[in-house]
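What follows are several structures.
In the two complexes that follow, chain A is the common piece, with chain B as its partner first and chain C second.
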Partner chain A sequence: MRWRLWLLMAPALALLLAIFAAPLLHYLWLSTQAQSVLTGLQPQPIGAQQWLRLWNDGRFWQDTWQTLRFSAASVSLEMLLGLAVALLLNQPLRGRGVLRTISLLPWALPTTVMALGWRWIFNDPYGPISRLLAGLELPAIPFLSNPALTWMATVGADTWKTTPFVALLLLAGLQTIPADLYEAAALEGATPWQTLRRITLPLLTPYLLIALLFRLAQALGVFDLIQVLTGGGPAGSTESLALYAYLNAMRFLDFGYSATLLLGSFAILLILCGAGAVIWRWSLRWQGGLR
Partner chain B sequence: MSGPMSAGDGFQGLKLRQLSRRVGSHTLVDQLSLTVAPGEILALLGPSGCGKSSTLRLIAGLDPASSGEIQLGGRNITALPPAERQVAMVFQSYALFPHLSVERNLSLGMELRGMGRAEIQRDLDQVLALMQLEGLRQRKPAELSGGQRQRVALARALIRRPALFLLDEPMSNLDAQLRDNLRAELRTLLRSTGVPVVYVTHDQHEAMGLADRIVVLREGRLQQLGTAERLYRDPANRFVARFLGSPTVNLIERGTTQLGLRPELLELTDAGSPVPQGWEALEGQLSHREWLGDRVISHVQCAEQGTLRVLSREAPISSALQVRWRQADALRFDARSGERLPGSNTPHTE
Partner chain C sequence: MIPPRALRRWALLLIALLGSLSLGLWGLATERVEPVSVLMPAPFADATAELVNAFNRSHPRIALSVTRGPLETEAVSDLAISSLLLGESPYDLLLMDVSWTPKYAAAGWLEPLDRWLGPDALSDLAPGAELGNAFSGQLWRFPLVADMGLLYWRTDLMDAPPRTPAELVAISRRLQREGRVPWGYVWQGKQYEGLSCVVLEVLRGFGGHWHVENQPQLDSPAAVAAASWLQDLVRQGITPEAVANMGEPEALQLFQAGDAAFMRNWPYAWAELNKPDSPLRGKVAFTTMVSEEGQPHAATQGSWGFSLLTGSQHKAAAVEVLRFLTSAEAQKQLNLRWGYTPTRLSVFEDPELRAANPVLADLQQALAAAVLRPLSPVYAQLSDLLYRDVNTVITGDQPAPTAMRELQSNSERLLRSSGGQG
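Right, the complex of A and B next:
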């Protein structure tokens, strides 16, 4: 009878294999090949050499650090701001529907469009911020040419765009919490802060974790925002892993190494997700299990 | 008591004076005045939307009063936030915190108020024992049956040692059999607290079985306040008469008057029997019977007067029947306003 189960699962399994497993296996194979302009774009087996190259590639490690820094900063900001916005939009305010719609707009914009917008806002002599500062006779801020400022500009733009996504997800979570729980807490004498800590946050935990997971996966693979806003510059100071892999394949035509880079960043993502899952379990046990 | 906060007159129970709540053009509670003595259980009874839950929320402080006053223990609490009113409320949904164990559900309030660990443990042990919840300490609400959840909700209210107990349809999520079994138990428990209890329900049996006195509400207005017996035998108007009693009171037209006939005060005999003095009668055909085990409800079709419901011990033998009643037993209402007309039946003393 067991073969029938497999038969019924076969279509789904075939789809999974075709979409995920097959490209991954192909990349694994490609990472053992040299396939670049030097080999006439023909694959030549070279064993583990690409992986050795990756290990010794300072740019890879720098990009890893930069990607992690970008993800950690933007995701924490988005979670905090998103929670604040969600709590605000969950209050019975006048015109709440309109506010909810407006707050979603940044997320509805295509990343490329909003990145171009931010590039103009940050533009050194001509952008609105520079003009405002010039009008106040203050020196211009080199947002996109000073490495220390540029990575913060990328974080700022990403936070602006993605906070609404987090807010929407958390708002949905907040609305699943019955009003009478808050009333029961109020009768017990809970202050707003105690209510947030003892009632809202524990009940919101599943939604916080889902938002965190989505945002981390997206941030660690960030490409379009950085490609358009800074192109990875200045001096590669905002380059992400995804951008580096893209450059290797599309500009340097080094497909073997590009595949190795992608697998490398995939491994980092897996490690982070594994750590996240462990923390999740641990936090559930700490709370005594959530259902 | 003295000072600006105490406008009381020494009455230690709960006192509502001209209490109203209006939202926009809706009046949810309209000039409600009543008192509940310490140790007394008062039921707020009425159909959904009659303002009984709104009244409870006003007393708890979950909604602000538009006008009027709430006094508890001689203290004016109308403007106090819920936590400072010393009231405990059992919600219809029980409102148990789903992420906390039974024990933590009970202790959360004490933790928030900064009570000591030993003190919390002592109260917890006491109330868990009283409510027979000791074996369920570590369970989550989702792992409990409906009856157990209700006990936890009651325990959470009891552990606060409140000055006032509010219950919002605490039985409505239980099955009928459990409800019947719990009524007496709940009454004993509530009485033992020695504080005023306000109990909201739409179920007349619950109100009659549990409460010392009943308030019938309609569209936010008090219709009548009294003991169950008083409300049943001597209703102030048609609404109260119809709301209490099952099967429902029979209403028949007599010009501008309406007669209210309790099904158990009607007698059935063969059609054409002589009508004794001081009695009145209608003749009709038996349309069907409901057998209840110890009683029978006979539905008798009486021409233009419609169908009368008669509650009796014995099932009628023939199908052509005479329905008759003592004139003194008929309740008389104004057909238009529904108000009770004076001098209709002998009022029963309480």
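Right, the complex of A and C next:
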């Protein structure tokens, strides 16, 4: 019986292997080679040297920290705001359809276009924010030229763009919750806060998890927004791992190291996901113990 | 036995067939048109459109087509590299920025031009324009238009431009104090290639060098002085803090709005500043970068030129295209109609052009002050190290001596690991 199952799954498995495993294995091989403009783009085996270089590369660790910081900040903001927007759009308001459409607009814009838009909004001294501040006789805020501020500007732009995506996913989840649960809660005299905590959030959990997973995977690989908005600057403060890998491949023509960088960030993603899963299990068990 | 009449009919048919076949083959042989494809950044594709039509009219055996690339320099490189990596590039010629040449040559993508253009190919080039076309003893590129860093100044605010860094600071402060401009000097301070061009000019002006004989010299007293000067410009409020995210368009925008007394930019800004609706029309002039007493007024060389790709199947035809598009006649048209700076001495000295374009002599002078960024296959990395580090100085995150020491040791390590192929 069992072999039949495998047989039926074989085409799907083969496809998965071809799409995911093959490039990964190729990159693993590439990370043991020197293939760059200095070798005339020919691969030359150099063992684990690229990995040593990665380990000693301060810029890799700086970019790792910056990518994690960006992801943590933007994804948590997007989850909170997305939940709020979803709850709002789930209310029986007049003109709800129009509101839902409007709230989706940022998500429909290509990232490059919206990043160019934000670059203008943050422009110092001619952008709208600077003009507004100048009108109030306040000094301009160096959104894109101060390393302490610029990463927040990238988080702001990303949140604006992807909150609708989270809201949409959560709205779909909200609509699967049966209305009679809320009626029962109302009969029992539950406050809105209690209803949210005891009914909405627990039943929404699978959707929250899916949104979280999608957003984390996207945020950890952030590239186009940063490339257009800041180019990784100022002072390298917004450079992400993906941008660094891109520079190595396309600008420096150093394919061996670029592959190592990509695998390195992939490993970090795996470790993060693993840790997240363990913590999730633990917290479930802990909650179970309390009940 | 076949009847003779039928035989004759068959023979006639055969003759007719053979005849038409050979006629067709002959026609194919004479009508064979060689396709030549060129990738150019969008502005150049627009500017050369008329020349391309003229070429196709006068060369019926070659079908020249131009691919209109992106606007931004590095985006063009990304497009070219993606196609070259696939092995069979669809292009025969590539319009290249001067800083790409050694990298592309080392990657084996370029065909040496010496054989095609002859030994005196560069003899007509104006002083400064010959730089950056050859690398490791071979010619890889022929320049189409010259490009060099210029210091723009406002003729309505001062009588003569500053020639030393101290003068630039003094004039700026005076004008700012008098409330005539909010800022003194704008330039390219963003973390990108433009900053490397700015730094090279200031570095030479303070008597320093980026490289001497493949050895970086970036922690020399002159280099630290240059980086400190840039930092002080921001600290003293002569340059706005926003410069740390300024490229060419942002600097031009601020200068053109009349909000600064000086700007560092390329020759294209001249045409923009003198457009009919420009508020600064007729109020601007340019010169070369300021420098300390006895040091050169340097202008970073940033020209564009054609390279022949190794993978081209139509090299002879492509070289013919290259000759045509870089000819004196073509360069003259590009200058008259589009304001591009020529590279040929004969074009600079053309009396008709001199009369039509009063700044041509100034441009020629600036071109003669051209300095090259290091010629190295790992130039992209060297420049990336430089503009990242100097950007931290501009934002005030690092003192200049610390940043330049770090830059020097990083550059040395990079060159060591690349086997001294700097």
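The rule is short, and it goes like this: the second predicted complex is superposed on the first by the 268 of 291 C-alpha atoms of A that agree within 3 Å, B and C clash if a C-alpha of one lies under 4 Å from a C-alpha of the other, contacts with A are read in each partner's own complex, and residues count from 1 in each chain.
The rule is short, and it goes like this: a contact is a pair of C-beta atoms (placed from the backbone, for glycine too) under 8 Å apart; a residue touches a chain by one contact, two chains touch by 3 or more.
Quantities reported herein were computed from a predicted structural model and do not represent experimental measurements.
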- Please indicate which partner A:Leu284 is in contact with in the superposed arrangement: first for chain B, second for chain C, both, or neither. neither
- Item | chain B versus chain C as contact partner of A:Leu144, first or second or both or neither | second
- Message: Taking the superposition on A as described, I'd like to know which of chain B and chain C A:Gly236 touches: first, second, both or neither.
- Response: second
- Query: Touch check for A:Leu253: first (chain B), second (chain C), both, or neither?
  - Reply: second
- Who touches more of chain A, chain B or chain C? C
- Item | Touching partner for A:Asp124 - first (chain B), second (chain C), both, neither | second
- Message: Let me test your reading of the model: by the given contact rule, A:Leu203 touches which partner, first (chain B), second (chain C), both or neither?
- Response: first
- Item | List of chain A residues in touch with chain B within their complex | 178, 180-181, 183-191, 194, 198-199, 202-203, 287-291
- Per the touch rule above, chain B residues touching chain A in the complex are 60, 62, 81-84, 87-89, 91, 93, 95, 97-101, 108-109, 112-113, 140, 142, 160
- Task: Show which residues of chain C lie in contact with chain A when the two form their complex.
- Result: 74, 77-78, 81-82, 103, 106-108, 190-192, 240-246, 250, 253-254, 257, 259, 377-378, 380-381, 384, 388, 391-392, 394-395, 397-398, 418-419, 421
- Residues of chain A touching chain C in their complex? 37-38, 40-41, 123-126, 140, 142, 144-147, 150, 230-236, 247, 250-254
